[in-house]
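Structures for review follow.
Both complexes below contain chain A, partnered by chain B and then by chain C.
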Partner chain A sequence: MTRTLREVPKYVYLTLVALVSVAPLYFMAVSATNSTQDVLASRMWPGSHLLENWQTLTSQQDVGAAMYHSTVNAVLTTVLALVVSSIAGYGFEVYHSPNKDRLMWVLMLAMMIPFAATMIPLFQLFADFGMVNSSFAVVLPVIATPLLILMFRQSARSFPHEIIEAARMDGLREFSIFWRMFVPTMRPTYAAAAVITFMAAWNNFLWPKVILVKSTVQTMPMLISNFSAGYVIDYGALMLAVLIASLPTIVIFFVLQRSFVAGFTGVVK
Partner chain B sequence: MKKFRTGLVVASTATLALSLAACSSGDSTDSSSGGATGGDAMGNTLTVWAWDPNFNIYAMQAAEKIYQKDHPDFTLDIQEVTWDDVQTKLTTLAQSQEYDQLPDIFLMQNNAFQKNVINYPDIVTDITDSGVDFSQFPAGVTAYSTIDGKNYGVPFDSGTAINAMRTDVLEQAGLTIDDFTDITWDQYETLAKQVLDKTGKPLLSGQAGSSDMILMMLQSAGASLFDDQGNPTIVDNAALKAAITVYAQMVKDGTFSEVNSWDEYIATLVNGTAASAINGIWISGSIQSAEDQSGKWAVTDLPALDGIDGATHYSANGGSSWAVSSNADVALAEDFLKSTFAGSTELYDEILPASGAVANWLPAGDSAVYSEPQAFFGGQPIYSDVLKFAAEVPANNTGAYYYEARDAVSAAITKIINGTDMDSALQEAQDNVEFAMN
Partner chain C sequence: MSTMTPVVVPDRAPKKNRNAPKAKMSKDARRRSLTGWMFLIPAAALIGIMMFWPMLQALILSMKTGKGANLNFADPLWYNYERILHDDIFKLTVTNTLLYLVIQVPIMLISALLLANILNNPRLKLKGMWRTAIFLPAAISLVSYSLVFRTIFSTDGLVNDWLMALHLVDGPVNWLGQPNTARLVIILGLLWRWTGYNMIFYLAGLQNIDPTTLEAAKMDGAGPIRTFFSVTVPQLKPMIVLTVIMSINGTLQMFDESYNLTLGGPANTSMTMSHYLYKISFQNNPNFGYGAAVSYVILIMVAVLAAIQMKVGDKRD
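Entry: the complex of A and B
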């Protein structure tokens, strides 16, 4: 009994923190059903304007197309980034050499270059290839990120070298070792990397905004930005757009939540 | 080891091919046109960048229909691009010299016009000899898009400033809108205190750290942050000092309520926590979203600065103009703009009631649509009133460093309100702008 009582302050504290964290999300969800005037008056309970907001939103913006393009870009980025970065991270660790370490240093330095500095030459490059407005131009610059490579390298470090040696002795090919031994063991790392990459790709704004010139290929963040740029902003419909845009990342996170934590705390015990 | 490498090559080639296939299937129609938007070989399509479906995009669509009457094959390809994105894209395209990605026509904020034309002269076309009669626009408005005597823009929406007031709140304080017409800021402040005492409401509200209000006061006196040579005139600028003094006093008295964001500013108007707004006419759109306040608003002119030469009751904030890009089908773009935004009362008659886009094109004001009484504003024909204001607005010298100067002045205002001496804060602002210019 005393033990339960001792736990009370902890739970009160955690409940408060949870409420503070959830409040903005709650406000977003509730505002999607309210009119502009209600949103501006910070009304905190559900209203009856959901249908109206949906009509306003869809009459001005092609939400379906934006969701489609966001999904294509984000899924493509996630799949390619996981493949490329995990092979790179594995390679850096397993086929270790001093020169590869130096290359890794260069990669780490590349992390420090702000994107804005490389944006213009990158645009020039893609424009010369005739790839303005294509998903490929959105995806390609972000599939090999130093952060992911580093993450996979760290997890490859905890992958016992003896297993690789044993597999080699049993006659397994190098690619099969990676594919059949490393990948299944590192599933939580992949899950964590997938969550990070998908969220970053889904929310990516600056580069798509520059390289996607046509409105017909715009992504959800661009749609929201367009929707909030008018002289008169419909806040209810805007909140609905934000709500729709955040659903996929919420779903992905909850599906992969357990692995996400394991991916960071370490896989091989 | 070798086999692993071969495997890797195969795997990566496969993923690459897969992703290429995925991209091309998703966007085949778009990538084939490659985004080379402007300068269409077809000769009857113009690509346009604009940013508000209810406002300037709507106006462009209306203009398209009007132009199609005489040119049935004509079409517009309107891309929704927010103003910030237009600026980012212009900068990127100009610096990477990929001019063929520019649309034929794009909308530009008036305040940014000179900056872009001076910094990136290769993105626009000189339309002085396009046949557009620029004298039919207020001189104060064409000045934004005129550089070295050449015209680069057809003015679109008006940024003419209005003083929109809640008549019901004024009534509670024993005042009417006439008490606020043709007055000075000193008189305004006295009345504002009276409203605050009687109703508890500040007359004005605005974003803290924004210099919009100060710059409107400045322009109303024909003053600016730069002289004719483009040198900053932030120090020893009597009008600027007078404007900051008024502003700081109102914030101190509580008659100007500073809020943290643009959304909160709109909320003060829609929720009725502030009793009036001084801003560009485009603010009327947001005001009218509070349907329960219909009939409780009226519009008058601005207070004038006391003791300043050339002080008037008229000013502007914002507004935008159409620019013809360097990648345009120039003849078609010029003819289109000349026949619509610079020559069609029919266009302005349609877009005013539907989108609230108030014209800069003076002949539009003669139309009956402009003189119709507006029920929301107690039956006042505010749009014809605004056009009368527009003709009186003094020109504002924006120059290439307008935004730097505006930011510097905003920072100075925050410091002054927090107690820094005005002269030293303004000197620092001037130094910062001069540093940015060198």
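Entry: the complex of A and C
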């Protein structure tokens, strides 16, 4: 009994933190169905203005195009990042040599380079190649990330060497060993890496904003940012736009919560 | 990080000797080493071209002046850096960014640690629900939450309505219109978005702690607080170092919140360094040379703080 009583403050505290965490998201979701007046009157339950907000939003912004560009950029980033980083992580571990370790160390240093310090020359580089406004310009700088390489190197470390030796004995080529043995075994690592990369790519704002100059190729974060920059803000329509922009990552979060968490923490094990 | 464990190589297989000189390498081993390099080249080339090369370019660029593509070396070469010393707006953005760092990072990491410690209790009920709710803010983008916060902290927004309903304030507070309240809103936003995220790292770290060490502390008569600081925290150290480095890096490079939540205002008083860099490089009259010099100051700040972190984190006691 006393134990239960002593635990009351703990549950009160957790309830408060959980409410504060969820409240802004709940407010965003209900506001998407409310008029601006209702939003500013802090109406906390769903309303009937969803269609109206959708019309206001789509009359000013091409939501379909932005969703399409966000999806293309995020999927392209995820696929290429997984391929390039996992091959490298596997290579660093399995073909381990002093020179490769040195290279790994240099690549890890890149984690310390703030994006701000490379942004202007990157823009110039892509401008020189006429690649402003292209998806490849959005994707190329974020494909090879030291963190993902580190993550795959860690997982290659737990991949039994006996399997590699046995496969070599069976006459499998080195790339086939990676492709047919490592990739299927490490599916959980790939899932985690995919979730992290997709979410980061979907939410990326500064670089797409710099390199995507034409509004016809803008991504969802750029769309909601531009939509909020008007003189008169329609808060209902804005919250609807924010909700649409957030739905893919929220769905992924709920469906793949476990691998999301595992991926975030896998690097440090 | 664990070190490579030696692998028992079957007798028939060629012996793997990492330190053997190249000349003694078997044909197989040499071919394999080459394959290894082939595996690394795409990633290494991309990091080289997309990160190291632009970093060097930025250094050269920072010594140039001019408009648009018409850039020439400045006279003296450090002209842009000299200009930074007299740039009051840049100094203000440095102050703002450091203020966010110094106030927000400690509060966030300590709350995350406390929450993780509570959630790690095996007797806690509804554990999954608490964890999901507290981690949920990490699922939405920085631009999204910035705009939600801008809405609820607007003068006739949700926060003022509630504060007035509770009679905590007499009239609406102009949160985003005054320097200190605007900064406060940014800090509150950062705490809301990132506390649960860091908590997840600590939860994972706590699961790796040997429970017998906690029992031993209990048997020695240590209370829960003493146990937490003397047994739990030291074992979480690698995780704590990692979250500190990530948080410092993230805060120093913060852009989305400054750009979307407060628009850097009022009068630049909540603007971050990256936001200012974006402004001078890509808005109004873009000046790539000066922008590059500002970006180098940011680079040096990040590098110095990272180096200090590494040093502190590397100490074995």
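Simple rule for what comes next: the second predicted complex is superposed on the first by the 232 of 269 C-alpha atoms of A that agree within 3 Å, B and C clash if a C-alpha of one lies under 4 Å from a C-alpha of the other, contacts with A are read in each partner's own complex, and residues count from 1 in each chain.
FYI, contacts are C-beta pairs under 8 Å (C-beta built on N, C-alpha and C of every residue); 3 or more make two chains touch, one makes a residue touch a chain.
Everything quoted here is computed from the prediction, not taken from an experiment.
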Chain A as common anchor, with chain B and chain C clashing or fitting: clash
Partner chain(s) touched by A:V8 [first = chain B, second = chain C, both, neither]: neither
Partner, of chain C and chain B, that touches more residues belonging to chain A: C
Partner chain(s) touched by A:V242 [first = chain B, second = chain C, both, neither]: second
Touching partner for A:T36 - first (chain B), second (chain C), both, neither: first
Touched partner set for A:N133, first chain B, second chain C, both or neither: first
First (chain B), second (chain C), both or neither touched by A:L51: neither
Which superposed partner A:F175 touches (first chain B, second chain C, both, neither): both
Which superposed partner A:V210 touches (first chain B, second chain C, both, neither): both
Contacts of A:S225 with chain B and chain C, given as first, second, both or neither: both
5-13, 131-139 or 167-175: stretch of chain C that collides with chain B: 167-175
Common interface positions of chain A, toward chain B and toward chain C: 40-41, 84, 87, 95, 119-121, 123-124, 174-175, 178, 206, 209-210, 225, 235
Residues of chain A touching chain C in the complex: 10, 13-14, 17-18, 20-22, 24-25, 27-28, 31, 39-42, 84-85, 87-88, 90-92, 94-98, 100, 103, 107, 110, 112-125, 140-141, 143-144, 146, 149, 154, 157, 161-162, 165, 168-169, 174-175, 178, 199, 202-203, 205-206, 209-210, 221, 224-225, 228, 235, 238-239, 242, 245-246, 249-250, 252-253, 257, 261, 264-265, 268-269
Footprint of chain A on chain C - complex, ascending: 1-2, 4, 7-10, 12-13, 18-19, 32-33, 35-40, 42-44, 46-47, 50-55, 57-58, 61, 115, 118, 124, 129-130, 132-145, 147-152, 154, 156-158, 161-162, 192, 196-197, 200-201, 204-205, 208, 238-239, 242, 249, 252-253, 255-256, 259-260, 273-274, 277-278, 281-282, 288, 291-292, 295-296, 298-299, 302-303, 306
Chain A residues within the chain B interface of the complex: 36-37, 40-41, 60-61, 68-69, 72, 76, 79-80, 83-84, 87, 95, 119-121, 123-124, 127, 130-136, 139, 173-175, 178, 206, 209-210, 213-218, 222, 225-226, 229-233, 235
In the complex with chain A, residue positions of chain B that touch it: 1, 3-4, 7-8, 11-12, 15, 19-20, 22-24, 26-27, 30-31, 33-35, 37, 51-55, 78-85, 88-89, 92-93, 95-98, 101, 263, 266-267, 270-271, 282-283, 285-286, 289-292, 356
